[in-house]
Each structure stands twice: as structure tokens, then as C-alpha cells.
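Naming follows writing order (A, B, C, D, E and F), and every chain is counted from residue 1.
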């Protein structure tokens, strides 16, 4: 079972030894969605434009979660992230799309940091809207792009760059 | 915008006042999935039966994440959870299904705790398998059942009880 | 030195025993200020009305800090806070005033939670504006009002209720 | 394997369900030791009397660790501890003895909180003295007394009450 | 609103990208005060000389808070701090002055770490004395000196070096 | 009292300044034991082979605790650990032996990280078995080997390498 690097030859979980890895610039880009009723999406939209900013709170939660990743994911290495952005697209009639980009200059990739940031942003949207809609679904959380490091770049097919 | 209770009349985010709410038994049940290649699912299956227990590590991560919920979700109340279980079903050819159940005797529901537990269990599966499969997708994280509290019970249609 | 209850008869620090104290409704209200250049205040004001919401981020940070209080203040008891609000007043030409109100139904007061919330909101304002103004001063952080508990109510003289 | 309550019938780890348990007064008393060279013990003794208070820092660390227990021990329930004391005895020629007492009014015992407090106090003593003595040993960390709760009282034989 | 670097062109909060910044030696020095009744100051003074060491506990809290800064301040980068000192001056009749110095060899400054350390030390003094004095005020928390990094040195006018 | 480097000339605790220290490869290896009844050891042994994996949960807890060390030990520096392994030996009739190895490429040693990892693994074993055995003792936690850094290597006499 040597393919799963988080286990040793005896099958015991471990934090993989990255002492010898190079420090290099690394970026990970993750996307996900919260599916909801059109009425809930409308409430979020009104809030962002006037008052009651659901997405503003979710963005702060996502950025802080990127920093908390090694405390949540058992085998994740601590890493000095050097930049985080979280963006949202309102996709009528019933979806909020979330994009998280995390950067570092360290020894290991930041996919987990970006995945955690997007997941917690999605959970925060759920929390802030659950009084009106308990049926929301968090879905399609996936790595879209990754660069830097020995394992090479990754780009998921069919994903377009978000315009700002 | 009074419908989103996490905002006051001016639209400012707040932790909702639950001082007057009753302490009562509350349960929340959440499910989600990690979609992966059949080869990755096979590796997890072998590990669980012999050595290299991905799901064992993910279960611990999920249970600990339930306790960390108020540190991650900005407007979530601290709450004394009184029980957590995380279960997995291997659904060939390409899915791991996750179920998290959280209980409390407190003043507010534990949906967020169960959603966070399942999300972090899913993220941990991703982390431990990402060396062999970067295309995994976390999907369909949803509240399945909820009981206790003034807002009444909730049961998502079409969900069957998991047999153990 | 028995007057400082956080020490025993030998002068050793301790977490005071509150096992026998009653659970009751308690509220603490704290205020503080960030003094800054008029130009910095103007930037914050523009942001709040259009984009770049310094105070929105500081509010989230303050609410989350109220929950982190027992992890920061060594002798503070863990406590289930049941509500938090953070409000701001722009006081031209050079001050942002901050008010934090924390509630609980527990065995001990929430002054420290409210003081910590206001302090961290102030620190966040500093952080987000420090690129343009390193001379800002955090000042006048004080308990304004407190009710509930055996030690009785407290109201600082000369403080007026904030109108919303 | 039903005897180990932290596992279900399938052998999966879980946080035991304590929803139905009674809230009652509970106390746990734990002791442990740090074995060191006589020279190191002398340095600690001088510090405590004059300046460089190793034990004062270790006491603060132990009290804070009691509060962090549910974040460290995977299956431990969050619990509102209501009092913590940490005491030390210098036992020449080569030991520091540590005693931690934790109280709660909650639904489950506080043995883990007291064991964690004493362990972290011992680790802090090691940290602060390791520049002069790397051979120190942390030993004999054990539950001395426990009361409250359905499982009844526990008192380890041969342990004498510490006089202050 | 490009002057507030913690926001992008759309006004969305972000963790600023510091991937390309140089690692260099950086120091930040912060001061603040707790204003209190002369009787409270006398109690602290007696404690520091005999038993009941308020300032010793506050120093530990401040040092630990420096390390917790990125968990508290949403847009603060994680950073490897390499040294922290916290000092106090008793300034009769009614003030404790606090000084915190934080060092790093990293990519961004440590003003926020020093400001947080001093704030939490001040909050801890409040906590430990609040049984005798609820009117204490935390005030005048300000950056005194800063060196290292591209933005250059900063020295607040009129501040004298503390003699030890 | 200059020998205890965690204090300044006035005896005040501080986080030692390591800004000028070199980044180099460092390893620390720590061992400890949990003493228990033969019946408890038998339960753990059965669990590891069949279901109810006490040691698997303890391993995860130990690895996560290594990362939490700077939050627990007041004067410990934050450090980027680059690898952690935790191993166990069942030593009939009545002991579980624990070994933790931590690596880093940073400016200070990782003894405290390894000591904390082993301590928390031991505490987790206690937690998961305490329903059947409250008399367990955590003992003999000691640094076995250390390399890297200016203070040179350390190897405790009489310790043999664990075979896997």
C-alpha cells in the first residue's frame, strides 16, 4: 500500500517527511458551490448590495480557515501561507459559487488550505441562511488548478478562469 | 432583511441571542460524499481491511472538528456536544459516503457541528489520497435529519436510514 | 492578599472555584476607541459605504474573539456565551468608537469576553489600516455596564446608551 | 469489545453519548513528577524564591491546558470546568512533584482535564530547564482521587493528602 | 480605495500576497497601559514582591498571545516569531505600563504580534484584579518602534527607551 | 540564574531570541510508557488486530499534538515541523511503549514537539481505556535521541533502536 504516502510500510498513519523538499512558490485554486432555494439566493443578493453581508462574513471565515488547516487535517504539515483570496459568484437561480486561491513559498502544496477555505466559506453561508433554508447542499468542491512543487502542475479540464 | 437572523435591523452581523432558549435534547444527522477514481476507492478498501486505515483517521478528524465548529464558523454559538458518531459506506465503483450524527442537551441546534464534522472527514480523505488522485470531488453535503428545539423537526425526503 | 481571588493563601495563581455559583442571565457591555488620522477615518468611512469594509471584518474578528477568551486569558473560565453584538460609531475627525455586548446564562460574568471582543476588533482595525497609518492608538477600553450575578450590577458614570 | 466504551459494536471510535447523564459536582485529582539532576532542582528552587519562576510559568501552562483538553484528546467531551489548581512540591534531591485538581458541575468526569494539566505542567518544566538538563524524565502521572458521577468514587491506595 | 492593501480592486477583503517579499530581521516594540485605582496598584506591587504574582501571569499570557495572533486577526499572515519579551513598569499612583517586543526573521512585520501581546497582557491584568476594581481602563496601546522590511523604520516621537 | 535561558537578567520569563540561529535539519526522538492491568493490555491488543483501534486513535492524537506544541508550552517557539511518526510496542504483561520522532528544518530543536506528541498519545490511551482501568500510570517519558543544532547531539545511554 505504498501508494498512499501518509502510511508507512506497516500501514501506520504518519506525517510524511518533507524535510528535504525545496521551498518554492506554490499556488492552489479550489472551487465549490452552495445550492439553495431561489428565495435564499435573493436574500443573499440583497444583503450584499445593501446590508446584511453574508458573503463578507463567509470570506473572513474562509481566510481564517486556511490558516487553521493543520489543526483540522491530521496529517497536514504546518505551512506559512503567504496569500489568500476568496471570491463568490451569484449564479441564479439557485447557486453561490465559491473560489479560493492560496499561495505559499514553502515546502509543500496548499491544496488542503484552499479546500478547507472553500469548505468553511460554504459552511458559513449555510449557517447564516439556515434559519430560512435547511435544504441547502454543499457540492462540487474540487481542485481546479495547482502549480509549484515536484509533482508538477495540475489543471482540471473544462474550468474557465473567473473574470473579476 | 429580518429573515436572516444573523443580522440586526441595520444589517450588521451578530451572534444571535439565545439566552432565553430552552435546553433540550437535540440531534442533527448529516451526509456527504467523496467522489474518486475506482482505483483510489480500492486502495481505501484494502487499507480498511488490512493496514493504512484512511477512514479511521478521517473519523478522528471529523469528531475533533465537531468540537472545533464555533472556532471556525463566525456566528456559531459555543455548545456542549454530548455525542458524535461518524460512519462510512464504500459505494463502488467511485464513492465514499459519510454520515455524521451529533447530539447535545443545549440551547441551540447542532446542524453546523454535524456539517463541519462531515466536511472535515471528507477533506481528510482527500488529504490522505491526494498523492494518487487529485481529481476527487467533495459533494452532496446536506442535512438529512434534525430534531429538538423550537423550530421543529426536519427530515430530508428520500433519505433512508443507514443500516449498520 | 486574599482580595485578589485568582490567588490562593500561598499566592499561587488558580482558576477560582465557581462550582457552587448559580447559573443566571448575565450581560457585559464594553467600549473602546481607535484614534487615527482624519485621512484614515475617511478611508474607513468610504469603505463602509461602498466597498472595502474594514468594520465588517473587525466585527467578525471581535465576535470570534469573544469565543476565544478562555484560550487567551489564563484564569478565565470556559463559558457558554449566548449572544454577541459589536457596533461601531465613526466619530470625526479622528476616532472609531467600538461597543461590544456579550450575554450568557452561565455561572460567571462575561466582562472578559466583552473586553476581549472589543480589543480584538480594535486590533483588526489597526491591522487593516496600518499600511496608511502606523500611529493609530487603541485607547479607553473600559467596562460600561454589567448585570447579573452575586456581585451586583455595575454602571460606569457618564456613559450614555448608544442609539442605533 | 464492548468494554471499551469509546467504540461502537463495529469497533469504530466514537464520542460516547452522554446526553442523558446527570449534571453533578465532580472532582479529579492527579499527580505526577519530573525527575531531574540535583543541580537542576536547585536552580528551580532558587528561581522560585528570588527570580526566574519556572513553577509559576508551569502552573499557568497547566491551568490553560486543562481548558484545551477537548482539543487534544479526540474522544473527550467539551466540558465547562469550574475550577483548577496546580501545586508543586520540591522533593530533594531530584524531583518536582506536581498535583492538579480540576472541578466541574457537568455531565462527565474531569480526569482527562486533570491528567492533561499535570502533563503540560511537567512538559513546561522540562522546556524551561532543558538548556541545562536534557535527561529529565516525566513519570508517575496517575489519578489519585475522583468523586462524583455514576461510576462512583476512586481513591488510589497509599496516596496522602498534600498539606499546604 | 487601493490605499488599504487588505482589499482588492472590488473592495473584497483578502490576505495580502507576500510570496515575493524578502525574509529579513524585523522587530516591533509596542507599549500600553492599564489605569487603575491606587489601591489596586498597591495590591499588584505587593504581589510581585511577595506572593500572588499578577504580572508574572500577564507576561505568560502576553507571550502566548503573540503566537496566537494569526488565529485572532483575520488578515494577519502566519509568521515564525523568533523572540518575545514583555516588561512592566509600576507607575504610581495609578498605572501599570506594559512593553512588548517581538522579533522575527520572516516575510512580514510583527507589529500585530506585539500589539496583540500587549493587549492580552493588559486584559489579563484586568481579569486578575477585577474582583477589587471594575473601573480599570486599558489605554494608549501604540506602536513605539519598528525596524526591518521594505516600508522602512518607524519611531514614535517622544518615546524614551525603557531602562531595565 | 543565567543558566535557565528562558529568563532574562531580572528573572522575567521570555521567549528566547533565536533570530540569528541557523536553519538546519533537526530530529528528536522521545519514548514513554503507559502502565496498565494485563486485562487492559489484552483489550488493546484485540482491538488493534480486529476492531476498536485504541492505538490508531492515539497515533492521530499524538501527531496533531506535535503541531499544537507552541500553543501549549508558553515559551516554545512556533516551528514548521516537517515530519512526525508515532509507534507503539505492546509489552506484555502490562505496558504499552510509545515512540515519537519529530523532524524539522528550522531554527530550534523539536524535543518539546516530540515530548508533547508522546504525552498526548499516552493521555489518549488512558482516555480510551479509563472505563475499564482507572489505575493506569503514564511513566518514563524521556528524550532518547536528538541531533542537529549548535548544542550538539544527545543520545540517552542504554536505549536500543526500535525494530519495525
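Here is the rule we use: a contact is a pair of C-beta atoms (placed from the backbone, for glycine too) under 8 Å apart; a residue touches a chain by one contact, two chains touch by 3 or more.
According to UniProt, the chain labels map to these proteins: A, B, C, D, E, F = Cyclic pyranopterin monophosphate synthase.
Remember, it's a predicted structure, so these values are computed and weren't measured experimentally.
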| item | value |
| --- | --- |
| Contacts common to chain B and chain E (chain labels) | A, C, D, F |
| Homomeric contact chain A-chain F: same or different residue positions, threshold half | different |
| Which of D-E and C-D has more C-beta contact pairs | C-D |
| Pair from A-B, A-F or B-D with over half of its contact pairs in common with C-E | A-B |
| For chain B paired with chain F, centre-to-centre distance based on mean C-alpha positions, whole Å | 31 |
| Mean-CA-position distance for chain D and chain A (Å) | 38 |
| Multi-partner residues of chain E (at least 2 other chains) | 10, 12-13, 53, 56-57, 60-61, 64, 68, 71, 74-75, 80 |
| Chain-level touch network, classified as line, ring, star, complete or other | other |
| Contact pairs between chains, per stated definition | A-B, A-C, A-E, A-F, B-C, B-D, B-F, C-D, C-E, D-E, D-F, E-F |
| Residues of chain A touching chain E in the complex | 25, 56, 59-60, 63-64, 66-68, 80-87, 103-105, 164 |
| Touching residues on chain C, where the partner in the complex is chain D | 8-10, 12-19, 21, 70-71, 74-75, 77-80, 106-107 |
| Chain C contact footprint on chain E (complex, rising order) | 1, 3-7, 10-13, 32, 43, 46-47, 50-54, 56-57, 60-61, 64-65, 68, 71-76, 111-112, 115-116, 119-120, 122-124, 126-132, 134-143, 146, 151, 154, 156 |
| Residue numbers on chain A that touch chain C, as the complex places them | 53, 56-57, 60-61, 64 |
